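Both complexes below contain subunit A, partnered by subunit B and then by subunit C.
Presenting the complex of A and B:
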């Protein structure tokens, strides 16, 4: 007993000595020095959704490179610190804590998945570090605190915009829905689509759902078939969408499918083998947009990475320029002033369109509805927030 | 008994001091990792009673954690959800507002998990080996699917806004509790009986050990602490979702046990610490090498190498003790001492 106690005390004192050498826990670093400003990026560069994180990171790095080449922000070069969230909420929180403590970052950018952003938000909120998510579309993310922002549209707007598009542009009266019941993104879009479509006077003739990992959708398709739907809303990710489309066509259902930004992928049309011809989906931007901003970005991205930038890359690129705009507007490297500048940011022209940050710290911007033709996603039209409200 | 109680008091006082020290001198990132280590220790030590001592292969720990996390969150967190009937957002105020309610909330979470453990354990513990593993895996999946479809707690979205009550003091107090209880349990008649069941269930029954009852008891014990650990993790992460408690979480705890040595409590503790610290420690390696994802490759490689060269885990079934340390010291006279 005495020996154990001695050991305990010895261990305790060793610990105390080690601790005394460390830095105090409550301090938040300024986030910049004489010639550099530190920006943090926490995205998934490994795990389930690694491709989303990697695209975002590529977009961010391209923007940082451009800004540094043209003199930085208010004379300071950007130093980017990247932490991997491994597509896991717990590790996402660890990554965020790492960026927030010690030699803290000035502004944190991330994450892609809403689930991970929700885990990071309270950490940055508590430390008073602005967090800007490039692509977390779930409404609850920015409700976590007054220092949490995003530059993408929300799921409720996206679902509503799809309903408006189906009703007004495609003249659909009857719609069917097929969603993934395990995925908050999918169920959210389905819910908002249904609410808006019925409000516009349309009718939902079938509501079917599938589970994560399913590869046979024939039962659901049989239930939808013969209900006379003019449009089938499939808010799912591209890998499921390709399979679903093929099985619809195999059952001889020719009705066009409609979806959200989860459809976007270079492999979508390849996997669908023509089954998605003439279908529509809503996205953050269109690579085929003729505007200078978009074409300049697409060219620079292709040159650096050898591939066409996805929406996530475009949002990653924009989020760095939003940060730059906010710091320049604030006129000083002061987090409180930058937060004010972000809250009042209006008419920012980015690759993903012109937008403002509203009172709920969300971006108010248009959605681009695209039509699938061969391997190309052709812009049909943009739907502004006013049309959906 | 009095001695045990004394150690408990001293240990809790130490965690209180530790909490103060960490809070005032160490940066939050390190504190967070230390706290996560504590939660992993609770998980691994409690699962060791089921998988290691009793030899029942359970993969349901994440399910119990989820129950503990959501039940304790119910007592501490304001739930906001969209009510279809009223067509507006509704808020349910927490039962225990304020820090004082944290321990009752944790215990409630633990008890709910224990109750689920009884419900699951009584029928499934008649199964053996792979079959039990599959049944418990199924249980974990059922729990996450139920939560996914339960809108009041956020569904697939997750439940944000849990108060940040978990600190080093609470976490390590429960670590001390579970370690001391499991240590005492291991050396009691009950623990010996569990080991007998592990070694040969038929022989144990012939000796008059009520195998089914003891197995269920061990299962409930493990489930209780998994529930508490889930509650602690929830109030550390502040947002819980079904994805936090998917079956990979169960596998992770099993890996901690296997790494440390199945059946060894100190092994479980070492496994828990190593597997929690390793991916974080490798972050810096990753950024210096410039290869994202290499961290997970190294992590997997360490596990593979260990299983090739030491399949029984770091400690096998042995416990790390002062006696063992002394025996391993060069020039020691205590060579004959039992480890």
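Presenting the complex of A and C:
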């Protein structure tokens, strides 16, 4: 009898917990109280792409600190809630659920990797919480719903802009492409580059690809060598790029290489050991930009973290200020009004340039083309969206 | 522009589609040279698979990780000696120290190989082959993940052994590091051949691979011979690790995964259990991958594996394998 009673109590409490769990799962909190507004941040601070998440978080925290020091947003201080997505889309979904339910956040910021953003977006969309990704470039991210935004440019623009730069600025007539066939980012950029470059009248003389994990690129390089390319487009991540550049030079190919934002890393030039001298890549901003906004940010970031901010840090910084601008424009802590304000945001001046949010909830902004000199990335020029369309 | 791979290649008539797509004979020669460099490394690792299989009929899946650790085992001493500075240009490593780093890596991997055998495989020597195989996969995973914990998942560079430059050899050009790889591999293979064929421990190894029980009856210390087999295979893999790190300086705890798989395939292609077979298999796989890559780098690995399947269909025991009786 006693046993049965214990069992009943145990079952009952399990049931109660489950019920309570379900109940809190359906609620969406207002996201603020009398003196605070809650902002959620979900990025990967552990796992494969931990450095991307950590940089973003550093940028976000710097912005939050500055805003709170100057009185907060409409009189409310920001309380930041950070969830680690552990470089895993599944974990991204869990983090989003955690931020969206119970004592919900007012606006959610994240993620870096498009795959993680894609898993998180439907959750925020359903709960009616605005989500702003600082740096997911895959076109489908903001197609998840009318509450999903981003403040970075898209891969189609980035690939096209590189083609414009190669053709107009570098006067390249013939281009070769070397991309990572296992990575959607890389193949996407290669596709958009090719389309724009041939449309401009250029010729693609070689189109080679490699597999994830390859570190011997000599087969591809031998195929590209002797085709007379004026520029070699390598839309890959920095670790691959450093090796590729070294192997090109070891085969006596001196043609400049060109790439996208995946190149950005302090270890790029260190690992390439001079092989990337005089090469170019497109990025979200230039640390060497002389404008006040950028220099103020770079100085503050260096003071707080002791390193030069990457573009992910800059985008993290900007995404907080975009949120602030939207709430101030809305004039009230009301998610519907903030969503409207975000949709109509124009000429926002951030560290990563001046931009507006377009009808598809994407940022319309310029790309900074940089030239590698020593271990510095020098700005060459900016390419505006109008030039690529 | 990569052309879709014509069926002509698979049926032994590579010259015809070649003329259409503008691939020159020189280009093929260049890819053969690239392939020999690539295949040399496959061969260095493949001999480790083949020797262990020859003696124990065990696929030592942890062998790719020995290769990975071989690279790290020369990276860290060089770093501690100041050849991997945090900033500024890397100093060139003097020749004596390069030799020292190779020896350090070989000693480390030999010990590691024997340790793996002693701790993971010897206790299971009399249990089913499946148990040993699963243990091998376990050891491989342990080393991969242990490496991620110990070294971190972020890729590391490598000290500067020599400055890469292109060397012309008639119609082809190879990086000097590639030539070093091919030369060192040739020396190591010759050494291994002499060791196995001309020395007493080598004879003991061959005896164990013919018949372990009889070898034991003839007074051969079987345990010691097996340990020696693991040590020898690991030394070859460690040399491969240092050579690749020198040529392609990107060390990651997972770098042994793909390389181990390719080397295993090379060993099977050449005829597992046969040392010359492993060398031939490695070179064949490397050259096949590179030459197919002249038409399409997207499909080069797939086509290389199709070639492997075709070879095994015709000759199931591999290129140089003996189709002998199943050992009891």
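Operating definition for what follows: the second predicted complex is superposed on the first by the 368 of 389 C-alpha atoms of A that agree within 3 Å, B and C clash if a C-alpha of one lies under 4 Å from a C-alpha of the other, contacts with A are read in each partner's own complex, and residues count from 1 in each chain.
Note that in this section a residue touches a chain if its C-beta (ideal position, glycine included) is under 8 Å from a C-beta of that chain, and two chains touch if they have at least 3 such contacts.
Since we're looking at a predicted model, the values are computed, not measured.
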Partner, of subunit C and subunit B, that touches more residues belonging to subunit A: B
Contacts of A:269 with subunit B and subunit C, given as first, second, both or neither: neither
Partner chain in contact with A:239 - subunit B first, subunit C second, else both or neither: second
Touching partner for A:310 - first (subunit B), second (subunit C), both, neither: neither
First (subunit B), second (subunit C), both or neither touched by A:181: both
First (subunit B), second (subunit C), both or neither touched by A:220: second
First (subunit B), second (subunit C), both or neither touched by A:207: second
Contacts of A:93 with subunit B and subunit C, given as first, second, both or neither: first
Touched partner set for A:83, first subunit B, second subunit C, both or neither: first
Touching partner for A:115 - first (subunit B), second (subunit C), both, neither: first
Footprint overlap on subunit A, where subunit B in one structure and subunit C in the other make contact: 47, 181
Touching residues (chain side subunit C, partner subunit A) in the complex: 1-2, 27, 30-31, 34-35, 37-38, 89-90, 153-155, 157, 160, 164-166, 173, 175-178, 244, 247-250, 254-255, 257-258, 289-290, 293-294, 297-298, 300-301
Of subunit B, residues touching subunit A in the complex: 3, 7, 10, 14, 17-18, 21-33, 36, 145, 148-149, 154-158, 160-161, 164, 233, 237-239, 241, 243-244, 279-280, 283, 286-287, 292-293, 295-296, 322
Contact set on subunit A toward subunit C in their complex: 47-48, 51, 181, 204-211, 213-216, 218-220, 222-223, 226, 239, 242-243, 246-247, 249-252, 267, 270-271, 273
Subunit A - residues contacting subunit B, complex: 1, 3-5, 7-8, 12, 15-16, 19-20, 22-25, 27, 45-47, 50, 54, 57, 82-84, 86, 89-91, 93-95, 97-98, 100-102, 114-115, 118-119, 121-122, 126, 138, 140, 143-144, 181-184, 187-188
